[in-house]
């Protein structure tokens, strides 16, 4: 399906969205277990749109690096899929919505160690474990991939934040040992969690993140060649739409109508298939762990532009 | 977003899909608790595409009536939403994927009687209860709605099948009494289940079903005027995509990439936003309760046409 | 094992327990779904001890009838067991603690319609269904059994309360239809719930209840002959100890150390094997659904007398 | 309650029980994750009774050391309780039956990191963590305690087996990290699991185990003074009865009627309050993880002697 979008005057529109959605006061919350995130001023708000045609529009704090956290799961999934010609990954992780909090152990137990999808923490640990089979330092490989896509040396791993987060990683260690118990990890639980935490600690700006995600809006074609096949790009989009926003995937599909992936750092990456990648960032989170101002801004942008897959 | 589709020669393509996917032998299963469905020959296979432009393409057993079963949930949702200007329905049912079998009581208990979405049985019972507030004979109202959309007197309630299914409705009665216990039903549990079973026993052909669902592909505009608002049409599409295929919604989004709703009668209704409504029917089901041949045919059609929202 | 108890001066001790434990003010709660229970004055407190030797000691409101509610499950179990020479009942209900709230549907679903034990509501419905195989009016048969054991015409069914409770029985109807769906009820769900509610609405005094339960302290021998075998009497005791106090069975075993069964009418029946049956009644309940003052009084009595199976 | 037991001729009876219950062929299973247990011959069967009067009766392989595994939880609980004058331990672990498999993470999540009882693995890890607050090498302290109670230097830690088991401890590590995540471990997850595995690897004979458990039959009085108070001894008994046999506690209470604690090494420790401690050992397990021949032998012994708390 080719799509023709009545090009809105994007620059001014993004400026207006920043004016409307930048938080005037502290609201929502920050994750208790990641100290570095608590230090970010509540009023931060950035947005960027990278179009298939190669343009980039930004506004607000679009050049301030933030911790991408779970948004990294989109990129590790893409990296694992292009190595996974046999489809073996899909025997280790499902593609179904999880229907409960993002780090729940319950469903993992009921389904015998096969995570529901690659975007819940358990599934992301399996994907990272898969990457480590070829590249023990998977987090650095992810960083290199992102740098390649953005065409700039901007992204970096906040190693101090990673060390700090790692010392608060009991839940992820529990998940990893549990996966190991079910025979669904090849590497040691500790090594997988370390790589996972480091990939989550990658710092990027909105502008960089939109550029890095653009291949998903361009049928898999990145800035320097094919990242994943057209078919895989569509499929990553479907997983983002059904599973990308923790336990608010349905609500986000309902309000915004676009594939998205959020992180507890307050970032959200959204794909308009065939047209553009959007990133938004504001640090304070709603009860489901998604950026409060970011979600609202995306709903607003979807209403203004008509962008929706439905 | 407007969409331009390189019109495929749909007629021959549908004929070829019928040739490829009509089951040559008995496979899959039929639901144990609905005797009337077991009598349908396994080789039945029909497909129909109703375009936004008003054309209708059909092939195979597209004119044989079948039991729409859970596909009725799409229409009752649309009917309830256009009466629900206040949004009160959404305080009684969520819009999140369920992450478990379609008739599970567990999540209902954990979430205190608020079903995860309108397409699991518990949620559909709440929607039917809502319709009954204005029209006690809700099933007949659904039938009238469908007749209106198809522009033909074809659809009918198989009352004998409904009576038979009603005598095997222990699970739905359990759900209804459970909802009642949580204060989330206004009518009696027995009356709601009776209306629900009768709406599920509506018989339609593929051709009629595609026409009846066309308003969802046309931003809410049906054959004789607006059915739901553009915004509500999109939102029903998002619920179909995330919740429409029981516990295989993710897999269907991944393989087909289009909003769909299946029924245990073997029918599936699929929406290509802005372009067409597709219905397919073949009675034998996979382990998740979706038409085996129908799902395969839709994946094939999606591959051939490029139709996908991603 | 024969037990020799240093006979305490029971009469004065019970008087002292009434003085210490009769509630001076309204505390705890009453069940929301059984209107007749809400009308009982909070200060009611009665206690009775029926000894194996045939004595009966009472104090406080021991002659005021109250609704035995779930205590009836002990008697229906005994009645079902003496008809169940083949042990077939134990293929329909387990004997394990439930580990969650007494009316949870979750475990029932996970364990495919086999209730964890005969004292959770689902299990009790199966037991009542079993009794109805021989006596359709099972509730009246239970009443007749109790009258026989007490040797007095005192016990009666509060039919008005039963009718009222029946109109608030959505949860039990849900359980019964769910059991029916799993093939674990022979009679209609509605008929089983009606009998169950009527058996729960039996009114007895503490004095009558202690006498009726005495056969469990006398190795199965009731006032006019054997009720159940010695072996079955011990086994009912073991089920009472592990499952008799809803989700506080462990706590009760820890504090009191005796087999007990409580009801939401505020009554508790306790067995001192080989020695006596104790009943206590006070209407206000703790968070687990057990009599607040009754539990405290039994812990006190156990401390004073040294009565404990451990 | 004082108990008078018609002394059976225990020696010959135990010999007869060995003859009847020593497994003639391989049946049941051994735990997959503990290699050292798989090497034990299936025909091993030992039994010992230590009486309150100081006698010890044994038969079969009663002098062959075996791995006590989870039976160690009884002793760590006793050790923790005598240090826990404030009752603080009971805010970190409940006393209710778990109602599901012994190492389930589900209930732990639902109940926010508070294990259901001290005998499921999660609860035992909390108890070991509590012991480590005073004695970092808790396992050696447990060994010293057992040596003290038996009055012999017999018990020892099979350190090679512990190392081997530790390398297969993913499930316990998952539990420990999960507890840590909920703030319910003070020491590191790894250190607690190491101590736990070492305490489980303690090797004892039936004769030693019966002697070591005797304090629970003697109101807390051990061989060289009070171990726990009379009240705590009774309470440990109540926890054994309701929670001591994994998910077969109800079945064991029903068949045997005595407080017991089993281990996957095939041992079971049983208490006859006021009279004796019984230990039995045979390595092959039933589906619930309890010694197949051991359980049968205890049911037989209970029937022959009349020993039962009910």
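Every chain is named by a letter (A, B, C and D) in the order it is written, and numbering of its residues begins at 1.
As a convention for this text, contacts are C-beta pairs under 8 Å (C-beta built on N, C-alpha and C of every residue); 3 or more make two chains touch, one makes a residue touch a chain.
On a predicted model such as this, the values are computed, not experimentally measured, just so you know.
Student: Following contacts chain by chain, what is the lowest number of steps it takes to reach chain D starting at chain B?
Tutor: Tracing touching chains, the least step count from chain B to chain D comes to 2.
Student: What rotation angle takes the CA atoms of chain A onto those of chain C? Round to the nearest 5 degrees.
Tutor: To map chain A onto chain C, rotate by about 180 degrees.
Student: Between chain pairs C-D and B-C, which one is joined by a greater number of C-beta pairs in contact?
Tutor: C-D
Student: Is the contact between copies chain A and chain B built from the same residues on both sides or from different ones, judged by whether over half of the numbers are shared?
Tutor: same
Student: Measuring from the mean C-alpha position of chain A to the mean C-alpha position of chain C, what distance in angstrom results?
Tutor: The answer is 55 Å.
Student: Using mean CA coordinates as chain centres, what's the chain C-chain D distance in Å?
Tutor: Chain C and chain D have C-alpha centres separated by 32 Å.
Student: How many angstrom lie between the centres of chain B and chain C, each centre taken as the mean Cα position?
Tutor: One centre to the other, that is 48 Å.
Student: Could you list, by residue number, the parts of chain C that touch chain D in their complex?
Tutor: Against chain D, the touching part of chain C is residues 1-6, 94-100, 107, 116-117, 233-235, 237-239, 241-243, 247-251, 253-254, 257, 259, 273, 306-310.
Student: Per the contact definition, I'd like the list of chain D residues that touch chain A in the complex.
Tutor: For chain D paired with chain A, touching residues are 104-106, 109-110, 170-171, 173-178, 180-181, 189.
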